[in-house]
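Chain nomenclature is as follows: A, B and C, assigned in order of appearance, with residue numbering initiated at 1 for each chain independently.
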Amino acid sequence: MDLLAQQLINGLFIGSVYGLFAVGYTLVFGVLDILNLAHAAVFTLGGLLALWLVETAGLSLWLAFPASVLACGVLGLILDRVAFAPLRQRADSNFSGLISSIAMAIIFESAALGLFGARTVRFPAHTVSVHIWRWGGISITSLQVEIVAVALLLMVGLTQFLNRARAGKAIRAVAENDRTARLLGIHVDGIIAFTFFISSALGGAAGILFGLYFDSLSPDMGRSIELKGLAVIILGGMGSIPGAIIGGLAFGLSEVLTVAITGTSNLRDAVAFTVLFAVLILRPSGIFGRRKMREA
Amino acid sequence: MLLQVRDVTRTFGGVKALDGVCLEVEKGGVHGLIGPNGAGKTTLINILSGITAPSSGEVLLDGQAVHGLPAHRLAAMGVARTFQNIRIFPAMTCLENVMAGQHMVASRPFFPRLFCLPSARRREKDQRIEALACLRRVGIEARADFPAKALSYGERRRLEIARALASRPRLLLLDEPVAGMRQKGVQEMGRLVQSLAAEGMTLLLIEHNMAFVMGLCSRITVLNFGRTLTTGNPEQVSHHSEVIEAYLGVSESHA
Amino acid sequence: MEALGQFFAIYGSLVNFIGINALLALSLYLTLAAGQLSLGSAAFAAIGGYTAGILTMKCGFPFLLSVAIGSILSGLVGLVIGLPVLRLRGVFLAIATLSFGEVVRIIVLNLDITGGAQGLVGIPNLTKTWGIYLTLALAGYSIARLRRSRAGWCFESIREDETAAAAMGINTTYYKTLAFTLGALLAGLAGGLYAHLNYIITPREFGFSVAVDLLIYNIVGGVRCWYGPMLGAFLLTALPEILRGTGVAAGPVRMAANGLILLLVILFLPNGLVSVFTRPGRPQAGLPPAAVAEEV
């Protein structure tokens, strides 16, 4: 029983990181209808950059975290400028945008490989002081709590920002209909660039938290979360922020439950992807999606 | 009667785009479908061509129930159409567009092509000649080898009609064929429509250009808020008080 | 003759690999030609490869029969998967095929008969270089002749505008499924040949990144023309060797070069490298100018 409870708690922890990753992913899709497959590479660079700042530049994590997140935001701006903005007027911009995001993913990943090497690395032992709480058979570390707190803070902050702030409302207006938004006097290209900034910053933050949680970072760490992130945003409904958060948590739980039930980690991803496949066939708009399927 | 629409209703998420529409189109001749924006004209054309299914009601083509059939089945029964927002195949040449449109009537088996049999070449040559005839019909033969995306707006409209003609339809649905065209283009399109009708083809066209509709159509149906307001010849329709109120009155104030 | 022998001793496996990649790229081309973006081709190669490998190794089937059965099985799976999945469009289709690919990979990873993560070991080396290239020639020729046949016109029309194609009388569901199934058939065939090339196949060789590579071959070569994918597969498979020959370090630089090529192609040559050879504004090869027809 304790084991199950422990697993569920772990699932929530890792799920919050998935959610944070997916929120950025889904934000760009909601605004542009483009799947940004470079998101996972930004995630990787975020984690590795923070590690470099801590290890080589000697910053404390509390400085390295925002610095790295900011740098990832800038990567997002570059992404938009280089890979997406030039294609915006093209009739098949969904398709060509997907391809150019793959190209940027490869370039970013090779940069990670070139700058940080191919080996698996980890944050130095005393980057964050870890305290462990125990109740019966359940243990929770302060690191886990911090990770969840940061992830939730960022996600709630984003939601509030989109609902309240002027720029956030502008993002939603562009997502709804960019032509109307333009008529309303919104600087659409600027808003799109800003969206990429936020999305990539959140992706980078997810990368740092992921690296801290699993105590391991590598240039290809984005590969597995890329697919999981896709699964999450489909489950949650493409473009839906609350959907991505809940989808992330659900996905984290499904992973640990599959491991707990089958007793091996081999089938961990199988359940998730089977569910994803089924959702796509039965309810392509996702569980929380409101957006209708586009006609063409 | 070639086409009978009986009490057709179509709702989109609770909103009735069409609400018990009735319409009869006789064989041969040009039938106009007019009404203010949002009256449901395009929805009706979409139903008649199988792009959308009606929520209720029936559509009979030559006495046969066809509502709810997929688009390709309706095309096989001789219904062809053009789109309001022109849907030609941009990357193909004009000739290729029309040859693609021959899908229903052309025989293009794979194996004779695979083995380069003379029959395959002969067939293709015949089909190309026929496609050229369609292009000539609409007056853009000289553009045959141009990529469709390089055409002017009016030429695209013509190309789309040529592609529709390639399937030798019985019923041709035209969605705003002269929208955005200048006087000369409108006149040429009018002559084209007339010549098609003279050959025995039945045409149903949506158009906002009143002079065009009044000059061409033998019958006109007016839609308003998803309902049939009236049907009659141009004379009757243009003097119908509700029509003037709902439609002509509005357009006059625009003019 | 001796020089040729020497060339093969050094580059034989590269030559084989190029041929296999070209076949796989062609299999994806079949679906792309009908406007359907699939990321599942690697999975179909896996189905064909594992089936064929198991049949020769464990059932003692003759090579050709095994490969044929693998290919047909892959095609059947393509048919069954294609029917529901092809209702989805664009990005959703890509994600659905991707998740199907992941499910296949995980199944292969967990079955006993496929050898799990260690892979299927001990497959006899029966595939010859001439066999690969004969298959490639036949496949390439058939696909080239498909153009201007009934199916070829339908694929092209659907790619250009699915709604207009349907209104023109094309049974879009049928032809999309046909393209998908033929693609799966060819991918399965390539997989079967690949399995008998290397003594061993592992699930890793059929993952998401392989599916992305196949897409890249198509985009870089060009998807408007049947030899585009072959060109792309040839260039990008040979590129690492060429770079190695010119003394460029392995790893990051090669990867970055791949990404950069893809980015430049999608930005500046949306129809791929083959569009360099076909002059713009002119009818493509295969359709003589209309004027000729008129003289008849």
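Quick note on the criterion: a contact is a pair of C-beta atoms (placed from the backbone, for glycine too) under 8 Å apart; a residue touches a chain by one contact, two chains touch by 3 or more.
What you see is a predicted model; the values in this text were computed from it and never measured.
A.B. asks: Centre of all protein Cα atoms: which chain's centre is nearest to it?
C.D. replies: Answer by centroid distance: C.
A.B. asks: Averaging each chain's C-alpha atoms to get its centre, pick out the one most distant from chain A.
C.D. replies: Between chain A and the rest, the longest centre separation is with B.
A.B. asks: Nearest whole angstrom, what separates the Cα centre of chain A from the Cα centre of chain B?
C.D. replies: 48
A.B. asks: Report the inter-chain centroid distance for chain B and chain C in whole angstrom, where each centroid is the mean of the CA atoms.
C.D. replies: Here the centre of chain C sits 40 Å away from the centre of chain B.
A.B. asks: Taking the mean of the C-alpha atoms as each chain's centre, how many Å separate chain A from chain C?
C.D. replies: 31
A.B. asks: What positions in chain C touch 2 or more of the other chains?
C.D. replies: Answer for chain C, listing residues that touch two or more other chains: 161, 163.
A.B. asks: Two or more other chains touching the same residue: where does that happen in chain B?
C.D. replies: Where chain B meets two or more other chains at a single residue, that happens at 90.
A.B. asks: Name the residues of chain A that each touch 2 or more other chains.
C.D. replies: Correct list: empty.
A.B. asks: So in the complex, the part of chain C that touches chain B is made up of which residues?
C.D. replies: On the chain C side, the touching residues are 142, 145-146, 148-151, 153-154, 156-157, 160-161, 163-172, 224, 281-283, 287, 289-290, 293-294, 296.
A.B. asks: Which of the residues in chain C come into contact with chain A in the complex?
C.D. replies: 37, 84-85, 88-92, 94-96, 98-100, 102-103, 106-107, 109-110, 161-163, 208-209, 212, 215-216, 219, 251-256, 258-260, 262-263, 266-267, 270
A.B. asks: Which residues of chain A touch chain C once you look at their complex with the stated criterion?
C.D. replies: Touching chain C: residues 29, 33-35, 82-83, 86-87, 90, 92, 94-96, 98-100, 102-107, 109-111, 113-114, 118, 223, 226-227, 230-231, 234, 238, 266-267, 269-270, 273-274, 276-277, 280-281, 284, 293-296 of chain A.
A.B. asks: Touching chain C in the complex: which residues of chain B?
C.D. replies: The touching residues are 49-51, 70-72, 75-76, 80-81, 83, 87-93, 95-96, 99-101, 103-104, 106-110, 113-114, 116, 124-125, 128-129, 132, 144-147, 150, 163-164, 167.
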